[in-house]
Structure formats: structure tokens, C-alpha cells
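Following this line, the structures themselves.
Two complexes are shown next, each including chain A; its partner changes from chain B in the first to chain C in the second.
Our next item is the complex of A and B:
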């Protein structure tokens, strides 16, 4: 997660208009899910892969590594569709197990393959967005989509504080390890619990301090900040529109 | 020239969980356009006093006057006082709430009611002035401690307050960033902004300040010019302050010998 956060700030696509990136990834995701077509999914995988790696500048090996994360879950979950246990063998394959068969049908295989491709393509759409767009930019889009201000402000504060908390947690853990706090499992468990409660107390304190600091700058219940919009480009909008139409065309064949 | 910008009269404040008061009858005056250093050991009430200045804490008893008017604790009055007094907090991580540098700095001016285009201009001006622009595209959590400090200062400067309070601005900074921050503070005072700074750095306070306030156990122990304060040995001892190195050398030139001995020693050692 931290790696994704680092990557999006250095992405070559960071300064492309956020709404464009958001619409592109969401529309593509939607078409993938609705069509469930393998052709569409392969096209999407190739295009988003090219955009993230080629244009965004994420290294190919890192991108592939990220794509394997959902793959594990997918194989585990599609096994149920691919493989049946029954008395009668089905058409694709059948492995006899005593009086039963470990068996599957061509229809099941196709369905499983479809599911895997659609899911991978969907994940690649989300990766495209998260590898190219900092959270603060995504919050801007949510604001324009009229998501309630309270939720956006909470997301803003939580996002900033995730890193402060992680930093505090690792500092405390290091200090514990320096004093043999991980000597054996029992002590390590105890140390972990102590660290967690310390982080909790610190976060409450920090919350108070942050509120004071915000009040000192005339905070009055609403976080108003500048939006950092990048102008949309016609060529990019045209590309997105063309690509989505092409996907719809692919899915109808 | 000697007009008072802020006056505290008999301030008392006790934090809820403590039985010892953090402020215990504090009275002092800050003069407009001056460079004022606020010294005293940890827990002597400096930070509590700062929070009383802009009405974040309301003293249990006593009054804060700003421009000779007692602080107005209504919502409008508080917003008004906070637009005049800026506080740069000691730990930037407690002050910076946004992950984006530009958004972070824009928070103050937007609250003051400036338009988006004015704010944009003010933010880019201040980032240019403090040298923030080169790292402005980075997320706040990827900045170094010194860079975060600069952003925290920009947060306040962009609001153009009349009085700026720096709470230990050089705490945990490397020498380069310490100098940068000190330069900025020098520039700020040149622009006629009154600066109140908490510091433990006696050498810096001695050369920089027009006036030094010494806090002790929630009271003002003494105030005066750096010469007056640092020549008063009993005062320094009570407040656990050390005299600046320049004064110690003037008083006792023998110190220089020990220094040169040390240097000779390390020199021969390295050979």
C-alpha cells in the first residue's frame, strides 16, 4: 500500500486531469463487469497495462508482481466453479476417485476463465487509477460528485494520519526490539499489545493537538482548501470516448 | 514605538488532569514590532500561554488584552484574534493535516475568506519565498523534518498575521534548516511583524532578541534585554538557564584554553 502511494506521486500520468482518469477507469471497469467477455478483458488488460507501465513509468516486473496478488485469490475462488465432485464424469475432464469423479465441464471451464479475466481486468483498471492518482486528487473528484463534505474531510485526515501512526508504531517497535522486546513469543505478544495501546493513546493526543492547530488557523467546522485541477485535454477525452466505444463494440460481437 | 500589542494580566490555567497549575498568575506585556524570546524550562507554561494568546485555551482567571482590548471569546471574536495572531507549532506533524503541500498552505487564507484565485496566488508566492516550490509536488508524509517545518511556517506566514508565535522553531532541525528558519524569522521581523519565540538556545536568544521573557512555574520570573537577563546569575540559576557561550568566555577566558586543548588532543589522536 505504501509502495502504491509512493508510485502515484512519481507517475508520468499524475498531472493528467483527475476526472479523466477517474471516468476512464470506472467506465472501463463497468464495461468489463457487465460484458464478462474475454475479448474485452484482454483488450483492457493490455491497454491499462500499457498506460500504467508505458506512460506511468511503473516497472513491468513490479506491475506483474502486483497483478499476481489478486491471481491467488482468483484461483482459490474459481476452483469451486472449475471442479465438481460427482458420480457421473463431465465432458472436459474426469479423474476417478473411488466411486466418485473429480470432474469438470467445458461450460464450467469457460465460465471460470471468464471470471478470472474479468476480475483481472477490473483490478487492472483500479491499479491504473491508484498508480497514477494521489488520494488528495481522488478526493477532489469525490467532492465534484457531491459526496458529503464530512466523509471527504474524514478521508483527508485519516489518510494523512495513517502515515503518522505507522511511523509512530515502527518507532515504538524499534525501541522495543532494542530492549529485547521480541525475545520470545510471549514477550513479543506483550510488546505488540503495549505498542498498540501506546499508539492509540498517542493518536487521541495527536487528534487534540491537530484540532488546536487547525483552530489556530481560523477553522470553523469546514475544511476548505484549494483544488488542484489540471485542465482536461480534448485529445485525451477523445481517446477515452473512442476506447470505451470500442470496448462496447467488442462486447457485442 | 513602545506600544503594547498583547498584554496578559494574572493568567491562571490548570489542565483538567493536573493538580498543579500550568499558569499561575502570569502577567506580561509584548511590545509591537519587537523580537521577543520566551525562555524557561520544560513545563514552565510557555506553550500553555501561547494557546491562551489566541483563545484556544481560556484562562481560569485573568485577562488577555490584544491591542488594549480584552479577548472576545465569541465565535466571531475568536476568528478575528486568530487572524491576527499566528502560531507555528513545535511538531509539524501536529499541524499539517493535508497530504498535499499546496492544499495545506491554502487552508488559512481560504478560512480568512480569500477567493480561490487570490489564495492560489498567495500560496504560490509564499512557497516561492520560503523555497518550498521544489518539493511542493511531494506528499507531506514524504518530506523531511526540515521541509515539514518550512511548510508549517508557510501555513502561518501566508495568513499575514500581526504577531507570530514560534514554539521552539529549531527543535530537532539540522544546522542547515535551523539557519534557514532563523533567516525566515529575521525576514519576518524586518517586515514589522512582532515575533514571540520559545527557545532553549541561549546563544541564539542572546544575539537575536530585543527582549527576553523568563518563565518559571507558570509565572513570569523576569523580563528585560538579553544583557540584563544573562548578567543576572541568580535569575539564570532559578530558571535553570545557562549563560551564552560568548558571555562565559568574556567572563572567564580560561574556557578557551580547555577548548584548544581538546582540539589539540583530537588532532594528535587522529595522527
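Our next item is the complex of A and C:
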């Protein structure tokens, strides 16, 4: 149902040490948005793309398709940054509209181009993490970063509930579709509301049952899960350190 | 001024035609890597007091009643699911609800702030909506500002004895609109316009996102009302369990 969640379990990088993956993607992301340099972003795009597609085994077409998800936002807000409406024309372009100009400056264009590259590189870092690391592993990292136990507990339970709910929701939606539940907009809205409330009621019931089941197994406020120890390799640590230093060097130039 | 308005309307209609053929319109998550570092940190810090309050409140509830944890988890998942499912919309393109307004009406704005952060993390990692560096800004607009406005309007309408369903609709729709305004302001603070500064830039962001967000707010309001109607007629006991009371 959630494609990313399926892909990360079959990724070639699934069994690499989680902390390494987390540190790698977060450091790269930070260097990208601090430096805002086009060179750094292109390097990051290529490297994380190679890691996700080449090493991780996500198909290229699927990866590119995922890269288009944020494009609507990117396109709209960058347009809003590039185009100004003012009385005085700026240096790059100016389209007269009555007494006003739709206008932009070269500096603005450069800034916009930088922003697009930085944002895409940021997204590719995020994808590197989410295409290679299941949520349960990320929760382990959060635990080591001293996020309160209650939050982690909630996250684990929410993660579990999401799939139960999506399953129920898709079953109900199928049933509605086969009975012409989306014939027109009015009926489609009605069915959506009916479906969501049915999901709500079912999940409240399931939540109660889940608690009973957990309590029957001595739940005392903590769910203990076995985590596999996957030691970091020196070669990987060297690669990460080298790569980050290289990025810092690129951004200095 | 009227001329300016005409231009604005023309621009909006061009964009809405454009959006008629556009594949997807998400709720307004600021994408990964779009904000400068200083703004990421600033918005994150601004969220902290709300999150700490929410955390305390949740911990108190859990100390009183352990069972509430599955209910809370369920509500968080519900917010995620409601925001990840495609909703029927007017243009034929698919769009998503924010879901946090609905959460605020059912569970109260404080717990929604914590649930909202968790949901936003999951949305970033699992659906690629939003991002980890922009988590602070997105949390402020979607998990804090929106729900608080929704809840405020909802309670205010109840105090003034407005029809219950109307108050749910107004709360959800205006909360959604407010989220969109806050996001526009956040973007314009980070990227002020070269001609006209922050105000001009806010107007630009508002008008660029208006064609997707205004219909979406109305749809969100309608759907929230419909879901609340369904719940009130079928799930009285479950609603009482989560502490939702209809004040007549």
C-alpha cells in the first residue's frame, strides 16, 4: 500500500548499520542546505541516486517518478520567488502589464536555480534514508538519540495502526466502488465520509483489543523489540567521512 | 486597486486552468531542503513550547489511564490515513486532506500537536510529503497553528450557539485556510521579494497556492462535517471514550 515501506525492506542497503545511513543522509542534507551551492547539490544528487538505484536496487524509472512528487510545490513556490510585480522593471526580464511589470533580476534567477538544486538534492538525501531503512530501524536510532520513550512507543503503535487502517480503508473502498459508490462527486464524498467513519469505529475496537492482547502479555508501558546488531564497517565509515569532507571542500570553492 | 485585483483574478484563473490538468495537489507541506538552516531551526524552536505542553498532557492522561495509549496511537494513525487517502475533488485531480483539523475537533489541540509531529515524520519518510529539515516549519503550520485555529473557531461557534455542523465546517475549513496562510508567510519570511519585501512576497505565495488550497479547504470542511455526522450517529460510545462531547 505504501510503496516506500515495501521497497525499503528489499533494499540492498537494508542490512547496513542504521546509524551510518542516518548520519550519512543527515550530514549530507545539512551540508546541502548550508552551502546552497549548485556543485554540491549535483554531486549529492548523483551519489545518493547511485546509492539508492545502484546499490539499493530501486528501479531507475520508479526513483525518477518519486523525484517528481515534490515538483508541483517546487514549481509553484519557485515561480513565486522568481517573478515580482513592481512599477520598476528589474534587470533579467520584464513583461509590462499596464503600469506594472512582471519582472525578475539575474540575482533572483541565480538564487532560484540554487534553490531548485538544493531542494532536489535534499529530497534525494531523504529518499536515500527512506528507501533503505525501515521505520523500525529509524526508531532504534531515535532511541539512541534520547527521544522520550513515550514518543517512540507512540510512533511504533501508530506505525502498526497505519497499516491496519489502510487495509480496512482499501477493502471498504473496493466494496464501495463495486457498488457504484463513486458515481458522481456528491456520492463519492458521501462514501468517503462513510468509509472514514467506519474505519474510525473499527479501529477504536481494534485498539481496545490490541491493548487487551498486550496486557495479557505483560505490557507495562514498554514494547521491547529485539534489534539485530549490525556493526559498522571501517570501509563504510571511511567512505562517509571522505564524502562529507569532499562536499565541504566543494562548497568552499 | 481594482486593476490589481483584476490582475490577481486573471493570474489565479490561469493557474486554476493549469491545475485542472495537474496530476496531484498535496496539502501544503514545505518540501525537503527548501528552507535556509536558520529558519528551520527558528521554526523548530518556536514549536517546542507547544510540543512540551502536548507531551505533558499526554503523559498525564496516560498516568491516569494506561488504556489511552492505544486510543492515542489510533488517533495518530487516523490522522495519517485521512491525510494520505485521495479525496474526491472537483477538478478531477487528486488531493489530500490535512486531517489535523479533524483531529483537533475530536481529540483537542494539545494532543494533536504531538500526534501531528509524529504523523509529519511518517509522511516525510513514507510518502515523501514534507521533509526532515522542514519538519519544524511544517509542524508549526499543520500541527499547531491549524489545529489551534480549528479548535478555537469550533469552540467559539459553540459558545455563540451556532448550529453544530456549521461550527464543525467552519472550524475545519478555516483551520485549513489558516494553515495555508501560515505556510505562505513562512515561505515569504525566508524568501522576501526583491521588490516590495515580505508583504509582497506573502501576497505572491498566497496567490500562487490559492487555486489548489481554497477549494481544498472547502472540501476538507465538507468532508470533516460529513465524517462527524456519521460518527455521531453510529459511534456515540466510542466518541465518549475519547472524551469528545457534543455540547448542545
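Everything that follows uses one rule, which is that the second predicted complex is superposed on the first by the 239 of 253 C-alpha atoms of A that agree within 3 Å, B and C clash if a C-alpha of one lies under 4 Å from a C-alpha of the other, contacts with A are read in each partner's own complex, and residues count from 1 in each chain.
Assume a contact is a pair of C-beta atoms (placed from the backbone, for glycine too) under 8 Å apart; a residue touches a chain by one contact, two chains touch by 3 or more.
Fair warning: this is a prediction, and the values are worked out from it, not measured in the lab.
Put simply, more of the residues of chain A are touched by C, taking chain B and chain C as the two choices.
Contacts of A:5 after superposition: both chain B and chain C are touched.
In the superposed model, A:228 lies in contact with chain B only, and not with chain C.
Judged by the touch definition given at the top, the superposed model places A:90 against chain C, while chain B stays out of reach. In the superposition on chain A, contact of A:200 is made with chain C only, not with chain B.
Contacts of A:53 after superposition: neither chain B nor chain C is touched.
Legend: residue contacts after superposition of the two complexes on their common chain; A:248 is shown touching neither chain B nor chain C.
Touch criterion met: A:185 reaches chain C, while chain B stays clear of it. With both structures placed on the common chain, the touch criterion links A:218 to chain B but leaves chain C unconnected. By the touch criterion defined above, A:66 lies against chain C but remains apart from chain B after alignment on the C-alpha atoms of chain A. Across the superposed pair, chain B and chain C both touch chain A at residues 5, 135, 157, 159-160, 164, 206, 210, 214.
Against chain B, the residues of chain A that register as touching in their complex are 5-6, 9, 134-136, 156-157, 159-160, 163-164, 167, 206, 209-210, 212-220, 223-228. Chain A contributes residues 2, 4-5, 26, 29-30, 32-34, 36, 66, 69-70, 72-74, 76-77, 79-81, 83-86, 88, 90, 97-98, 100, 103-105, 107-108, 115, 118-123, 125-127, 129-130, 135, 138, 148, 150-151, 153-155, 157-162, 164-166, 169, 182, 185, 188-190, 192-194, 196-201, 203-208, 210-211, 214, 221 to its touches with chain C in the complex. Across the interface of their complex, chain A is touched by residues 3-4, 7, 22-26, 28-37, 40, 55, 58-59, 62, 66-67, 69-74, 76-78, 80-82, 84-85, 87-88, 90, 114-115, 118-119, 121-122, 124-129, 131-133, 187, 191, 193-196, 200-201, 204-205, 208-209, 219, 222-223, 226-227, 229-231, 234-235, 238, 241-242 of chain C. Those residues of chain B lying in contact with chain A across their complex are 51, 54, 56, 75, 79, 82-83, 86-87, 89, 91, 93-100, 102-104, 106-108, 110-112, 116, 119-120, 123, 137-142, 155-156, 159.
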